Amino acid sequence: MATQVLPGGALRGDAPGGINPVGIMPGFVTRDGVTVLEAEPLARNPEPSRRYYFYMMAPAIITLAAISLYPFFWLIWMSLHDVDIMAGDKWVGLKNFERLFTRDAKFSNGWLLLIQYSAMCLFFEVLLGVLIAVLLNRSRWEKVLVTVFLMPMMMAPAIAGLVWYYLYNGTFGWYHWFMQSVGLLGETSILGSPSTAMIGLVLVDIWQWTPLIVLITLAGLKRVPRDQLEANMVDGAGEIRNFFQVVLPNLYPFLLIGILLRFMDNFRFIDSVLILTGGGPADATNILPVYLFDVSFQYFKLGRGAAIALTLLVVTIILGMFLVKIFDSPAARNVGRTEG
Amino acid sequence: MASKDVVEYASPARRIANVAVVVFLAVYLLWTILPIFVMFVSSLKDLLEAFRIPAVGDWSGIALFFDFEPTFKHYTNLFVNLNFGVYFFNSVAAALGSAVVSVTLGATCAYALSRTEFRGKKDLFFWIISTRMAPVVAVMVPLYAIFRSLELVGSLWGLILAYTTFNLPFAIWILKGFFDNVPFAIEEAQMVDGATRMQAFRSILPLVAPGIGAFLVLCVLFAWNDFLFASIIGSGGAKTLPVATKELVQPQNIQWGSIMAAGVVTTLPMMFLGLLIRRYLVTGLTMGAVRE
Amino acid sequence: MASVSIDKVWKYYGQTPAVKELHLEVADGEFVAVLGPSGCGKSSTLRMLAGLEHISAGEIRFGAKRINDLPPRDRDIAMVFENYALYPHKTVFDNMANPLKLRGVERSVIEDRVRKAAAILEIGHLLERRPGELSGGQKQRTAIGRAIVREPALFLFDEPIAHLDAKLRAHMRGELKLMQRRLGTTMIYVTHDQLEALSMADRIAVMNDGVLQQLGTPRQIYDHPVNAWVAGFVGEPPINFLDCRIVEEKGELRLVHSSFDLVLRPEQAAIVRERYAQREVRMGIRPDQIAISTVETPDSFGGQILVTEPIGGDMLVDVSLGGDKVLVKTRPDFEGRMDSPCYLTLDRGRWHLFGKDDGVALF
């Protein structure tokens, strides 16, 4: 075998008599027992082309830009104009916004109602969802019941709205009859009175979307590490303490994801609200997206609508940033992994 | 091997709790299926039977609900007189069209995103996902203005494009997670074995095919269940099932039997599809954040 | 068949160098192991050879042909991946046939070669199974099978047996070596397990921090490490290091520690005089190069037994020497007891001295 000049130790052939001749190549030094090199290469080879990745991404990105980025800039443009289909568009500067923030009671009211609506939905959905998931987890009926619980989610919200509209009806709705019979309601249907209409909407949302929280929680429960539970039990914790000390902390990222998703969906979808109340009675359920719908597509004040849409978009994007942060956070990824 | 369940110790309190749990779950089950059940049953009732209801407080009157002659005339009415065949076709075409466009474009894009690193990738990603999260009404305002000038309002193409605004980012986002789970080493092995870059990409498609199929179905589901886009962008020429159903609600003459039948026609296929892709449902509905 | 020249090769990930100025010549038919801890740059090197990573600087040649810009499929190589990288949806047969199919080899030839390779690897009965139904060892054989059906010019193995259990690993070492000798194909084998490198390779390239530390036969690496790091990385149980002083007395050099005072051999003394001005050194000696006894002998010095660990055919003894601790490997019938005194004798022909600050081996 040929003798070779090497960094580190250097001239290395069959060392005679067990003795190493040493000669370090220029540039290399041995420090604390390790041979290191802190030089830079003389010249780098040109980077290879990664163009095919670009070509693969381009169609989707261009399409998306065309149907979402371009409309977004259009939206900003519209919000600064008085958009009129017949008379043409007129530059009005920030007037649309000024009007929203100073003179439009329905705008601020819409935000308030939207927050109220979402908060009520979320509170009950999370409470019920976690409770049901915990009761279902590892029970005999888990598989069957979860399958049944999927059904409301598969229903178009508009259809769900129509079915509940029928059930709530003051003259022939079975739910109305039930609530009347147990003394919760009088003659007026739940959607007919400003004081109860919001509750009617919340009930529909709870009906349709609690199952999602159940599913998310169940997925989370499956990832609660057994060893943590067992260690806690050996340490003397009962079931209730186990739930609060071990299960809940492990569930936290899952619940946060569920809450944010539902929160944003309440901003996104108003199908059932449009059908059930359309914002009424007396604006009691006129949550912001519904108001936006009316302004834009009932009165066709598209400029003002664009201004409202922008405020709604900004808030959703901020919520979205939180959501993406959670998706990316190590907490969400490490769920179910044991310490150590 | 440890047992699968954490041990439970029997006690009287535990037994009472168990009964309470069963009762609670039974009530919740009833609450969940009742509206769907009512929809099915009412779709089989004649007009007058659908409106019958007992006096307030008369609990035995619940029997009235089941007292009817089943009839399928609402279903025939939908398809013979109310043009629901066309609306059904519109729904299928719009939903499937946008799903296919989204998944085809989305899969190649997601693959490239999954296999390469570049500056600004995070920002690009956030932009993609935020398009999906944008409120439908807010997106619709400018889209309506643009589509009107392009004469896309009231056409199936317009509707397909509109649905792509939320399905394409969804497909990219979800499928990227999917490709991330396929070890790159498999493609590397292919390339060492003699495959070109594109052959290597194609070689892993069979591995992700079930997932791609499932998310195609999910895209169909999202589009099918839409009401807002369909009612504005699709109004007129591209009426879909939810919109057509809603239009059966008229101030003087609400045709409840037909509405319920239309509800069944709209809902049933989606429930079937939902069961079909049960395994991917949670992943899909949570934007890939939660896996079962 | 091909020789391989890695010529001043660098690998950068962004601004972080993973391989620095690597120079390595592999002869045709040679089995070279690249040994080092994780993150030392050994896998990057292999991936550059395979064409899976861009070569940031420098050049790699197969024979006389520069292959920097060739895609993997044009390099005539076969690679076995750490996690096998089998196609989960294909049978063992189709997995092994894949490289031949991609090259458009005739069906009957494929059939023939796959069956032959499967017979060599003793997986002929598994050809219709899918990877999901195979054990770790079987998967690994399938992956190797995929590599050998094509008779490539160069084998690249990336920790192929790291995930097998200890027994199977020992068995596979012998098999892989035999297979390589029989096929006569040049092989570059990446591993972090010094035992694999020592037992299989013709030559070993030891890497750390992206820098090649030493290249040599297993004997050279084990008996003549070039620096303290190589000495410490290779060998199990690991080498003992003791900080000592050189003292000159009556024309002799003596190695002085709180527990002993030993004379260097003349040829050793000559090297120290020639190349080392300082007095502080680090002495290294392997556990099996120390003799231990319960009775005092000439040349021995005293210590105290901390703990004895019988490990079947051998016995490991932890001995306290002043403030230091050394590990001694001895016969299992050694009768020293914990906390009792003992006497050690060092094999002065095989000990090593390293510079105190730089760690470069003097001998």
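As written, the chain order gives the labels A, B and C, with residue 1 at the start of each chain.
As a convention for this text, a contact is a pair of C-beta atoms (placed from the backbone, for glycine too) under 8 Å apart; a residue touches a chain by one contact, two chains touch by 3 or more.
Only a predicted model underlies this, so the values are computations on that prediction, with no experimental measurement involved.
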Mind having a look at which chain is the central one, using mean CA positions? A
Contact-richer chain pair [A-B vs A-C]: A-B
Could you find the chain whose CA centre sits the greatest distance from that of chain B? C
So, what's the distance in Å between the C-alpha centres of chain C and chain B? 56
Centre distance in Å when chain A and chain B are each reduced to the mean of their C-alpha atoms: 17
Between chain A and chain C, what's the gap in Å when you average each chain's C-alpha atoms? 50
Junction residues of chain B, two or more chains touched: 197
Under the definition above, what is the set of chain C residues touching chain B in their complex? 50-52, 71-73, 77-79, 81-83, 85-89, 98-99, 102-103, 146, 150, 156
Using the touch definition from the top, list the residues of chain B that touch chain C in their complex. 183, 185-186, 188-197, 199, 203, 206-207
Write out the stretch or stretches of chain C touching chain A in their complex. 8, 10, 12, 20-21, 23, 25, 54-58, 68-69, 203, 208-217, 220, 223-232, 267, 271, 275, 349-350, 354-355, 357-363
Spell out the part of chain B that touches chain A in their complex, as residue ranges. 2, 4-6, 21, 24-25, 28-29, 31-33, 35-36, 38-39, 42, 50-54, 56-59, 65, 101, 105-106, 108-109, 111-113, 115-116, 124-131, 133-146, 148, 161-162, 164-165, 168-169, 172, 197-198, 221, 224-228, 232, 241-243, 245-246, 249, 256, 259-260, 262-263, 266-267, 270-271, 273-275, 278, 281-282, 285-292
Under the stated contact criterion, what part of chain A meets chain B in this complex? 50, 52-54, 56-57, 59-61, 63-64, 67-72, 74-75, 78, 83, 85, 128, 132, 135-136, 138, 141, 145, 147-160, 162-167, 171-174, 177, 180-181, 207, 211-212, 215-216, 218-220, 222, 226, 229-230, 233, 254, 257-258, 261, 264, 267-271, 274-275, 289, 292-293, 296-297, 302, 305-306, 308-310, 312-313, 316-317, 319-321, 323-324, 326-327, 332
